[in-house]
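These are the structures, in structure tokens.
Presented sequentially are two complexes of chain A, the first with chain B as partner and the second with chain C.
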Partner chain A sequence: MTARLEVLAGVVLGALVVALTLAFGDKALLDVLMRLAIFGLLALSLNILVGYTGLVSFGHAMFFGLGAYSFGLLMQSGAVSIPSAALITLVVACIWGGVVGTFCIRLDDIYFSFLTLAFQMLLYSIIIGWVSLTGGDQGLMGGIPRPPFLGINLAEPRQLFVLIVVVFVVCVLAIRQIVQSPFGFALRMIRDNAERARFLGLPVQRYKLIAFVLSGFFGSVSGILMSLYVSGAYPNFAFWSMSGDAIFMIILGGLTVFLGPLVGAAVFLLLNDNITRLTEHHGIVMGVVLLAIVLGMRKGFLDVLDEWWQARASRAEARAGGDRQ
Partner chain B sequence: MNPEALLACLTTPACIVTQVSAGMIIGMLIFLVASGVTLIFGVLKVVNFTHGSFYMLGVYFALTAYGLTGSYAVSLLAGAIGVGLFGVVFERFFMSKVYNADVLMQLLVCYAFILILDDVVKTVWGGDFLKMGMPEEFALPPIKVWDGFVPPFYAFLTVFAVLIAVLVAALLGLTRFGKIVRAAAVNRQMVSVLGINTSLVYALIFGLGSVLAGLAGALAAPVRSAVPGMGFDILIESFIVTVIGGMGSMGGAFIAAIGIGLIRSFGTIGFPLATEGVMFAIMAIVLLIKPTGLFGRRAA
Partner chain C sequence: MTARLAITGLMKRFGGVVATDNVTLDFAPGSLTAIIGPNGAGKTTFFNLITGKLKPDGGEIRLDGVDISGQTQSEIVRRGIGRAFQVASIFPRFTVEDALTAAVLTHRQQTSSMLRRFPLPDAASRAREIMALVGLERVGKTPSRYLSHGDQKLLDIALALALEPKVLLLDEPTAGMGPEERWQMIERVQRLWSEVGMTLVFIEHDMDIVFKIAQTIRVLRYGKVLAEGTPDEIRSNEAVIEAYLGTSLEEPA
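Up next is the complex of A and B:
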């Protein structure tokens, strides 16, 4: 599929979902779709690092938390409108990503994971410790004001829903463009063989840093959406288990297929909600599911499907080739 | 921020003694956990992300053993052996399956176990804070050192942890088993060709690393409250210590752990909100100036 067709397909699909939901859906469906968009974007943004660059960040929630808190605080200050608060937040997130990323990419493999995790816990402890600003473990209290802008009133759930889906689709298309660009292929090369990439003259460290910042950028977009959705920000947004959940979503859906993390997010939310409803042993059940996937399939659902599809295609090709002889 | 209080403390011998002894036990607990992580990584080349949860298990095993027998020696043994055995089982049935897989898979197996262990602990022991209190063996008058007083248990913990470190170093440096371990760390296949069961060596090293975490937990039980999820902070701290000290360097981890312990204990007086920040700043500076850590060698 060419890039333009994909964009068109994405926009049409997004518009269709919005139209159908607004026409027939109830409040519950709106909620489900908004959460899916938010967590799907979180997982997709993380996959720029995990799937395409081969850097397993275990601290991605720092951007989620940073986005939510910085946006929430700016809105509570009452001095800025929603678009400018979002813009300032994204600039802050990029700076934070640039600074933290500079340190993190100096380390490889598991140490990269640990370091991202450590920086995330630093942010978490700031949020918990700085009670006068952040409300500590209670989260940002009193809700986040959502004054109307450009004729959009986000206090109205349907308008909020449309905005979240639109932002989601735009971001997904942007990420798609990034990973399909020459830059995206350079990232894959770094993932597969960083040494070779370096020999070919690729500035590997700079590319890694850019990927880190981009991933953080989209991660904080999902954080902003989250704070709009729940009208608040809570410390667990920046807690390590949020990062763990994002990785969990990626592995559930699959790393190699672009929309894998989105499917993973859907499966994860489905699992999460039902397990919470059925049993109090949430951790045990989720842990066992994760173990079964990691040790059993060793890849995500879409990865398995993708492999099966490709194997089928190559078998069909072999058969066609056999006929000709 | 309270620099006056810090200065006042630094000029009072009694305060210095109290804070140093408190810092030492924090540092020693971090060191034991960090040395377990380092040991396992040095030989098996995997990072055990569950090590903090092993520490937590050590605390709870020690609590239960103390409740049953009332003897702190037994609860130390229970923490060490119980977690050691659990570590061997974890290595054999789960971790060993992902040795050749990429980091993501190893991390996810560990993450799954962090979720499971936290939940199991909550189910078995409940979600509330549990306290062991000071064991009877240590219900002694404090030791007087240079105008200040040190609780006997603090002294015991510090000496005991150093003793364990020396024992582990001797085991790896002086014995035949240590030679095999060091050889396996360099070239597992070659060692295996020489007729040595390297799977057993791996399991034993993982077990030994787990014993260190379990011991740390049992040592922490009298001075810390137990709560599900408590293993995570010490995991992060032990990682910071490993990065500062140099990956794979036990000596570096030892010195860095004491440093972090002292920053924590003096920080509570002088800069209670910024202790974490100071720890991270030190780590960042070390990473910038010497990415391999203070005592780390360049990876082969």
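Up next is the complex of A and C:
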């Protein structure tokens, strides 16, 4: 699909969802869709690293937590408007991503993963420890003020819903553009064979760092949306289990297809909500699902479809031209 | 004529092993040279030193008169030394065409754009030219990991060609191939060399191939240059016969 078609599809789909939901949906549907948008964006942003660059971050929730806390604190200070608070938060997230990323991308494979985890736990300890600022394990209490701006009132659930959908669509289109650009294919080269990419003259480390910052940027957008949605920020936003959930979503939906992580987020939320309702051993059930996917299919739902499609295409090519060898 | 690539007194030690021992060799512009030698003679190490993958312990590597020893791999690549690997080094999930397009973009330093869409038409058409040159058009849309062993080696060479190298180093282009495939490969390499007109150096174990296509042969043993010369000179060189070839190669099959 061309870029223009994608934008068109994104806008039309987004508008359709908004219109239908506002016309026929109830509060529960609004909630489900907002959570899907938030966690879908979290998983998609992580997949810039995991699926496209081949860097498995175990600490992606640090950006989710950082986004939520930074935005929440700025709003509680009463000094700035919502757009400025969001802007400042994104700058902070980029700086944090740049600094943390500089250390992490020096390491490969599992060492990279562990270092991202370590930085996330550092942020988590700061949140837990700095009680006077963050409220410690209670989280940011007292709600996050949502003063109107530019005629938008986010205290009104339907307006909040529209904003979250719009931000989501814009971010998804932006991420899509990035991964389909020459830069995105340079990331894929690094994923497939960093040594070879280096030998073709690609500045591999610099590209990894940029990918890390971009992934963090969109991850913190989803954190900002989360704090708006729950009107608060809680330490578990920055806990390792949140990073684990994001990875789980990517594995569920598949990491080789662009929208895989979004599908994964949907399945994850569906499972999560229903299992929680049916049994209190919800961790066990999720664990079994994960095992079944990893051992059974060895890839996500959309990956399976994609492989099938590719294999078919190359068989067709072999039939058409292979005999000319 | 001055040498394109001039190596003087090159040294490399790994602990006690001297993998490259005072090697001095010249490669003329547009020449086709084979490097032969028994396993562990230091052939791959020699390539690793030239391409900056390893740092030499001593000596000079001059490309068109400029000393490039000590420069990084990407600097050396940009100066015009390309390389294919003993074990094909490719991008498994890229289709052949995409891999070559991405390599061309990298070479042209056009990979930083996030606002345009891959593939840029210019780079894609250059990629198709390279595919035609090495004979990979027939599998352009196939993901690299599904290619046959021989086609993976070809793709590796094609990736190096995307850099428009002045000097191309091929580490055992026919490794792991059956006899027939070998000849096909080496004919492709020879045609490539005559069409593109670059300086080509290849490592090869198959003596029939070496004697048939190389203009000059350099023999390495224990990291040292044992002999160099035309195929005829090497075939009758006492030291080579004694040390490496045995006596049965007077008349290659």
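The rule is simple: the second predicted complex is superposed on the first by the 308 of 325 C-alpha atoms of A that agree within 3 Å, B and C clash if a C-alpha of one lies under 4 Å from a C-alpha of the other, contacts with A are read in each partner's own complex, and residues count from 1 in each chain.
Note that a contact is a pair of C-beta atoms (placed from the backbone, for glycine too) under 8 Å apart; a residue touches a chain by one contact, two chains touch by 3 or more.
The structure presented is a predicted model; accordingly, all values stated were derived computationally and were not measured.
When the two complexes are overlaid on their common chain A, residue A:Phe58 makes contact with chain B while staying clear of chain C.
In the superposition on chain A, A:Met189 makes contact with chain C only, not with chain B.
In the superposed pair of complexes, A:Asn153 makes contact with neither chain B nor chain C.
In the superposed model, A:Ser77 lies in contact with neither chain B nor chain C.
When both complexes are overlaid on chain A, the residue A:Gln138 reaches neither chain B nor chain C. In the superposition on chain A, A:Leu202 makes contact with chain C only, while chain B stays out of contact range. In the overlay built on the shared chain, the residue A:Gly287 is in contact with chain B alone; chain C does not reach it.
In the superposition on chain A, A:Ala118 contacts chain B only, with no contact to chain C. No residue of chain A contacts both chain B in one complex and chain C in the other. In the complex of the two chains, the chain A residues touching chain C come out as 2-3, 177-178, 180-186, 188-189, 191-193, 195-203, 207, 256, 310-311, 313-314, 317-318, 321-322, 324-325. Note for the complex: chain A touches chain B at residues 50, 54, 56, 58, 103, 106-107, 109-111, 113-115, 117-119, 121-122, 125-126, 129-130, 240, 244, 247-248, 251, 255, 281-284, 286-288, 290-291, 294-295, 298.
Chain B meets chain A in the complex at residues 46-47, 94, 97-98, 101-109, 111-116, 118-120, 122-123, 232, 236, 239-240, 243, 247, 273, 276-277, 280, 283-284, 287-288, 291.
Residue ranges on chain C touching chain A, taken from their complex, read 51, 53, 73-74, 77-78, 83, 89-94, 98, 101-103, 105-107, 109-120, 137-143, 146, 159, 162-163.
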